[in-house]
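Next up: some structures, all given as C-alpha cells.
In what comes next, chain A is part of two complexes: it sits with chain B in the first one and with chain C in the second one.
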Partner chain A sequence: MSLFLNLASQGLINGAVYALIAIGLAMVFGLLRILHIAHAGLFALGGYLGLVVTNATGSFALGLAVSMAVVAACGVLMYRLCYEPILEQPPYVPLIASVGMFLAIEELLRLVFGDHGLSYHVPPLAGAIDLGGMRIKYAEIAVVVMACVLLGGLALFATRTRIGMAWRATVSEPRMAASCGVSLRQVRHLNFAIGSAFAAAAGVMVGVLNNLVEPSMGAVPSYKALAIIVLGGLGNMGGTLVAALLLGLVEAFGATYLSNYLDRDSIAFAAMLCVLLVRPEGLFSGTKGSTGLLARKLQLKGAAKWVLTKRPS
Partner chain B sequence: MRSNSFFKRLALGLACAAGLAGFAGGAFAQGATTRIGFQAGLTGPAAADGNAGLAAARLAVEQINGAGGVNGKKLELVVYDDQGKPEQAVPIANRMVGDGVRAVVSAGFSGPSRAAAPVFQRAKIPYIAAIAFAPEITRTGNYMFRVTSVGEVQGRAAAKLMGDVLHKKRAVLLTIKTDFGKTLAAGFKEAAPKFGVQLLKEYEYAPSDRQFGPLIASIKADNPDVIYATGFYFTAGPLVAQLRSAGVTADVVGAESLSSQQYIDIAGQAAEGTVITNVIDWGSQLPEIADFLKAYEKATNSKAEAAATSTHAAVVALAAAIRKAKSDDPDKIRAALETLDVTTAIGRISFNKLHEVKKNFPLSIVRNGKWERFGVIDDPALLAPPEQ
Partner chain C sequence: MGAYETSILTLVAINVILALSLNLISGLCGQVSLGHAAFFGVGAYATALLAKAGANLWLTLPAALLLAGVCGLVVGFCSLRVRDDFLAIATMAAGFLFLGVVRTSDALGGELGISQIPESGLEGFYPYFVVLCAVAAGVFCTWVKKSWLGYAFEAVSADETAARSLGIDTPRFKLAAFALGTGLAGVAGCLYAYYLGTVGVEAFGFPVSVMILAMVVIGGMGSIWGSVLAAALLTLAPEWFRFINDYKLLVFGLLLFVMMRFVPGGLFPLVLRQARRLRGEAAR
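This part shows the complex of A and B:
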C-alpha cells in the first residue's frame, strides 16, 4: 500500500512537471499550428538562469522570477525573429527552424556554461516531510503547488479577463477575432510569453529536483511534451493537462513494474502509438473520430491532419 | 617570344625547386615528430569526457616532450572530434590514417571507437581505447589495445568490495542501459554469490533519467543494505540525493564513472560514504600518480576523473612502447605494447593475450566532500580480463 501511494505521488509530481512544460507547447500549437520544439530549449535556458541567478544572489525566489521573466522575453523574441517571418510557409519550415533553434540553445549553453552542467551551491527547498509513511521533499511539494497555481491562474485568466477571451477567440477563429479588433500579434506575443515563462518555471524546478542543469536537459522534454500534446488532442489545454498527469502516473508505475522490459521514455511513445491507432484525434479531442481502422489508415484524421495540413489564415 | 618561353621555363624550374624544397621540408618536419592521433567526442553528448581526455592527453604530450620527447623526437597530437557519433568516427579515422599518424589514442565512447577500430586495424596502426568499454574493440584485431578494464571485470571487483570490504550482503542492482552498465551488471551478478552477496532485485534505467522517485519507492520496499548504482555522475548524483532524502540509508557502491567531483557537487551531503571502484588512487605516493593528479588540477583547474586519468595513462603507455621499440614504426610499436609493463597514472598496467589491460582497482570513498583512498581490490584471478 505504501509502495502504491509512493508511486502515485511520484507520478503526480512528474505529471506536474510535464504539465508545466507541455502547456506552452499546446498553446503555441493551438494558436499557430507550429510544433515548437525550441520550447524545450527555453526550458533548459530557464533551468540555467534560475540556477545562475540563485547561486549569484543566494535568493531562489529572485532566481525563479528572473528566469521566468527573461525566458518569457526570449519566447516573444523567438516568435518575432524566427517564426513570424515564416508563418506563411508550409508547416515543416517553422518545424525545421524550431529544431535548429533548439540545437542552437543547447550548444550555446554548452559553450557558455561548460560540458558538465551546473549544480546549486546551496540546494533550495532542501528537506522533506513525512506524510503517511512517505517522505516527500519540499521541492516536490513546491512543483505540484506551482503547477496548480500557474495553471489555475492561466485558466482564470483565459476565462475571466477580456484579454484571455480575446486570446481564446483568436485560437478558435483568428480571422473573426481580427475583424473584431483583436490584435493577432499581441495575442501571439502573450501566448509565447506565458508558455515560455511556464517552461522556465518547469526548468528551474527540474534543476532543483535533480540539483543539476545540463546543456542536454531539454532533450527528453522536447519529444515527451510532443507525445503529451498528441495524447491530449493537439492544442487542447484541458486534454494536455490530463495527458501530462496520466503519463506521469503511467511512467511511475511502469518504471517499477516494466523497467526491465520497456524504457521509461518509450512508455510515452507506446501510449502515443496506441492512442493514435484507436483515437487518431487524441484522447480528449472534442470531435468524434471516424470508425473503422481502414478508414483511419487511408484518411488523415485528428493529430496527423493537424500536423500535416496547412495552418488556417 | 623566345625570352618569354625562357622565363616560363625559369619560372617552372624555380617552382619545381621550391616544390621540392617544400616537400623536403615537410618530410623533415614529419621526421622530427612522431604523430599520435587523438579521437574523442569534443562536442555533443560525449563532450564532458572527451574534453577531459583531450586535456589529459595534451598534458601527457607536454610532459613527455618537456623531458626530451621519445627517441629524440617530439610527440605531436593530431586531434579529431568524433562528436560522440559512430558515423563521424569512420571518416576521421580515415583522415588520421592519411595524416600519417603512428598510433592512435581514443578517449571516445564505445560507439565511435567501435566504428573507428576496423579502419586502424586495416591500416595496421596501433589503437588504444582509453575509456570505451565495448568488447568488440579488442576483438577487431591485433592492433587494438584497451587501457580500461571491461565492465565485467569492474562488476566482479564491485561484488568483492561489497562482500569482503563492506560486509554487506543484501544488494539491489540499478543498471544503466548502456554497454558499460550492462557489462558491469553481468560481471557483478556472476561474482556476487562467491562473496555471499544476495541480489534482491535488479532495476534498469535509461541514461536520460534524472528523476528516480518511483524506483526509490520500490527500493525502499526491497530494504537492501547496499545499492550498486551503475551510471554516471549526472544520473547517480541525482539518484543518491533522492535516495537519501527519501530516507534510504543503504550503502551506495558505484563504478569509476562516478569519479568526478561533479558527482559530489550534485549529490551534496548525500554523496558522503559512497564507495567506488576507481582508476584513480587518491593519496597515492607513486610519483606517476601523484604528479599527474597535481599537474592535471593545475592545468585544468578541476580535479582529475576517470576519463582524464585513463587517457593520460594511454598516452604514457604508448610513449613507453615507442621508447621500448626504439622506433615509431607502427608494427614495432604494436609488438612493444604487447609485452609492455609500465606504471602510469592508473597504476601498473600490462596487456593480456587479447590486449585487454591487467590492473588493480583502487577504491575511493567520499569523505568531507572529497574523494579519498579506501583500499584496493588486487585479486589477479578475479580481475583477469577476458582472453578471447
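This part shows the complex of A and C:
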C-alpha cells in the first residue's frame, strides 16, 4: 500500500512538472499550429537562469522571478524573429527552424556554463516532511503548489479579464477576433510570454528537484510534452492538463512494473501510440456534445469549466 | 584518396540514401515522418545480428531491406489513421519506442550497442560499393518519381481528399511509400553497420531523424537532386566547421534555423530558379 501511495505521489509530482511544460507547448500549438521544439531550450535556459541568479544573490524567489521574466522575453523574441516570418509556410518549416534553435540554445548553454551542469550552492527548499509513512520533499510540494497556482491563475486570467477573453477568441476564431479589433500580434506575444514563463518555472523547479541543471535537460521532457499535447487533443488546455497528470502516473507505475521491457521514457510514447490508434484525435478533443456533457456532469462553472472544456460559460 | 576522404565519401553516400528514402515518404508522398532514424536503426541492428551470426553482405543487405520495410509497413498502418501534425508526432513516438526497446533489450546490446561486426568482405572496394548503392537508390527514386506510382504519390501529397475523389486508393499508396522509403533506409542502415563496425543507440535518436528531414526540406520537398545535394551539404558541413571545434553544433543549429527562416522552400529550388533566371536573361 505504501508503495502504491509513494508511486502515486511521485507520479503526480512529475505530472505537475509535465503540465507546466506542456501547457506552453499546447498554447503555442493551439494558436499557431506550430510544434515548438525550442520550448525545451527555453525550459533549460530557465533552469540555468534561476540557478545562476539564486547562487549569485542568495534569494531563490528572486532567481525564480528573474528566470521567468527573462525567459518570457526570450519567448516573445523567438516568436518575433523566427516564427512570425514563416507562419505561412507548411508546418514542417517552423518545426525544423525550431529544432535548429533548440540545438543552438543547448550548445550555447554548454559553451557558457560547461558540459557537466551546475548545482545550487545552498539547495533551496531543502528538507522533507513525513506524511503517512512517505517522505515528501519541500521542493516536491513546492512544485505541485506552483503548478496549481500558475495554472489556476492562467484559467482565471483567461476567463475573468478582457485580455483573456481576447486571447480565447483568437484561439477559437482568429479572423473573427481580428475583425473585432483584437490585435493578433499582441495576443501571440502574450501567448509566447506566458508559455515561456511557465516553461522557465518548470525548468527552475526541475533544477531544484535534482539539484542539477545541465545543457541537455530540456530534451526528454520536451519530447514527452509533445506526447502529452497529442494525448490531450492538440491545443486543448484541459486535456493537456489531465494528460500530463495521467502520464506522470503511468510513468511512475510503468517504470516499476514494466522496467524489464521498456525504459521509462518510452512508456510515454507507447501509451501515446496506443491512444492514437484508438482515438486519432486525442483523448480529450471530443465533439461539442461530449465536452458539454463532461462539464454538465461535473457541474462546473466559470474558470473550471473553461479549463476542462475550453468553452466559455 | 586517403582514408579520411574515403571515409567521408562513404558517410555522404549513406546519408544520400537516407535522404532519398525519406524523400520518397515525405517529399513525394507528403507524409512528414519524424522517426525515420528508427528504420535506419532497424536495418543496422538486423545487419549487426546477422553478420555476427555468420551471414555475409549479400544476405544481410536484403534482410535489412525487408525487415525495415516490414516495420515501415506497420508504422504506415498508423499513418492511415492520423494526418499531418499527428502523423509527425506518431512517427516520432515510433522512433522513441524503437530506442526504448533497444535500450532495455540484452539481445540488442542495450546501451552499449553491438560492436565487432565482421567485415563486409569487400575490402577496399567497400566505399565504392556504398557509392554504387547510393547511385542505384537515386536511379530507383527517379524511376519511381517518373512512373505512375510517383504521379499517384504527388497527387496524395498535393491534396489527399481530391486524390481520393479521383479514385486513387490513397491508403494503399501511402503504405507503398512507407514500405519503399523505410526499406531503403534499412539498406542505409546495413551499409552503416558495416562501415562503422559497431552500432549504438545514439546513432538512431530523434536528432538524427530531424537531420534526415532537414536534408529533405533543405533540398526542396520531392526534389531528388535536391535531396542528394542537401545530404552531401549537411554531412560535410560539420567537417568544414571542424576548425571552430567547440562551436560546431551551435553553428549547425543556427544554420538550420537561418535556412528555414530565409529559404523555407529549400535550397535546390532556389538555385534552379536563379539558374533559370540567368538563362532567361542570357537568351534576351
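Basically, the second predicted complex is superposed on the first by the 287 of 313 C-alpha atoms of A that agree within 3 Å, B and C clash if a C-alpha of one lies under 4 Å from a C-alpha of the other, contacts with A are read in each partner's own complex, and residues count from 1 in each chain.
Keep this in mind: contacts are C-beta pairs under 8 Å (C-beta built on N, C-alpha and C of every residue); 3 or more make two chains touch, one makes a residue touch a chain.
If you're wondering where the values come from, they're calculated on a predicted model, not measured in any experiment.
**Q** Applying the touch criterion given at the start, work out whether A:Gly117 contacts chain B, chain C, both or neither, answering first, second, both or neither.
**A** It touches chain B, and chain C stays clear.
**Q** Based on the superposed arrangement, let me know which partner A:Ala252 touches: chain B (first), chain C (second), both, or neither?
**A** It touches chain B, and chain C stays clear.
**Q** Please work out whether A:Tyr92 is in contact with chain B alone, chain C alone, both, or neither, and reply first, second, both or neither.
**A** The second partner, chain C, only.
**Q** In the superposed arrangement, which partner chain does A:Ala128 touch: chain B (first), chain C (second), both, or neither?
**A** Only chain B is touched by A:Ala128; chain C is not.
**Q** One more residue to check, A:Leu273. First (chain B), second (chain C), both or neither?
**A** After superposition on chain A, A:Leu273 lies in contact with chain C alone.
**Q** Who does A:Met101 touch here: chain B (first), chain C (second), both, or neither?
**A** Touch partner of A:Met101: chain C, not chain B.
**Q** With the two complexes superposed on chain A, say which partner A:Ser183 touches: chain B (first), chain C (second), both, or neither.
**A** neither
**Q** In the overlaid three-chain picture, which partner chain does A:Leu35 touch, first (chain B) or second (chain C), both, or neither?
**A** Touch status of A:Leu35: second partner only.
**Q** Going by the contact rule set out at the top, does A:Ile13 touch chain B (first), chain C (second), both, or neither?
**A** first
**Q** Looking at chain A, which of its residues have contacts with both chain B and chain C?
**A** In chain A, positions 107, 219, 259-260, 263, 265 sit in both the chain B and chain C interfaces.
**Q** Report the residues of chain C in contact with chain A in the complex, numbered from low to high.
**A** Within the complex, chain C contacts chain A at residues 26, 32, 78, 81-82, 84-86, 88-90, 92-94, 96-97, 99-101, 103-104, 206-207, 210, 213-214, 217, 246-247, 249-250, 252-261, 264.
**Q** In their shared complex, at which residues does chain A touch chain B?
**A** On the chain A side, the touching residues are 2-3, 6-7, 9-11, 13-14, 107, 110, 115-117, 119, 123, 126-128, 134-135, 137, 140, 206, 209-212, 214, 216-217, 219-220, 251-253, 255-256, 259-260, 263-265.
**Q** Mind listing the chain B positions that touch chain A in their complex?
**A** Within the complex, chain B touches chain A at residues 43, 45, 47-48, 51, 177, 202-206, 208-211, 213-215, 217-218, 220-221, 234, 237-238, 241-242, 245-247, 260, 262, 265-268.
**Q** In the complex of these two chains, what residues of chain A are touching chain C?
**A** For this pair, the touching residues of chain A are 29, 33, 35, 82, 85-86, 89, 91-97, 99-108, 111, 219, 223, 226-227, 230, 234, 259-263, 265-270, 272-273, 276-277, 280-281.
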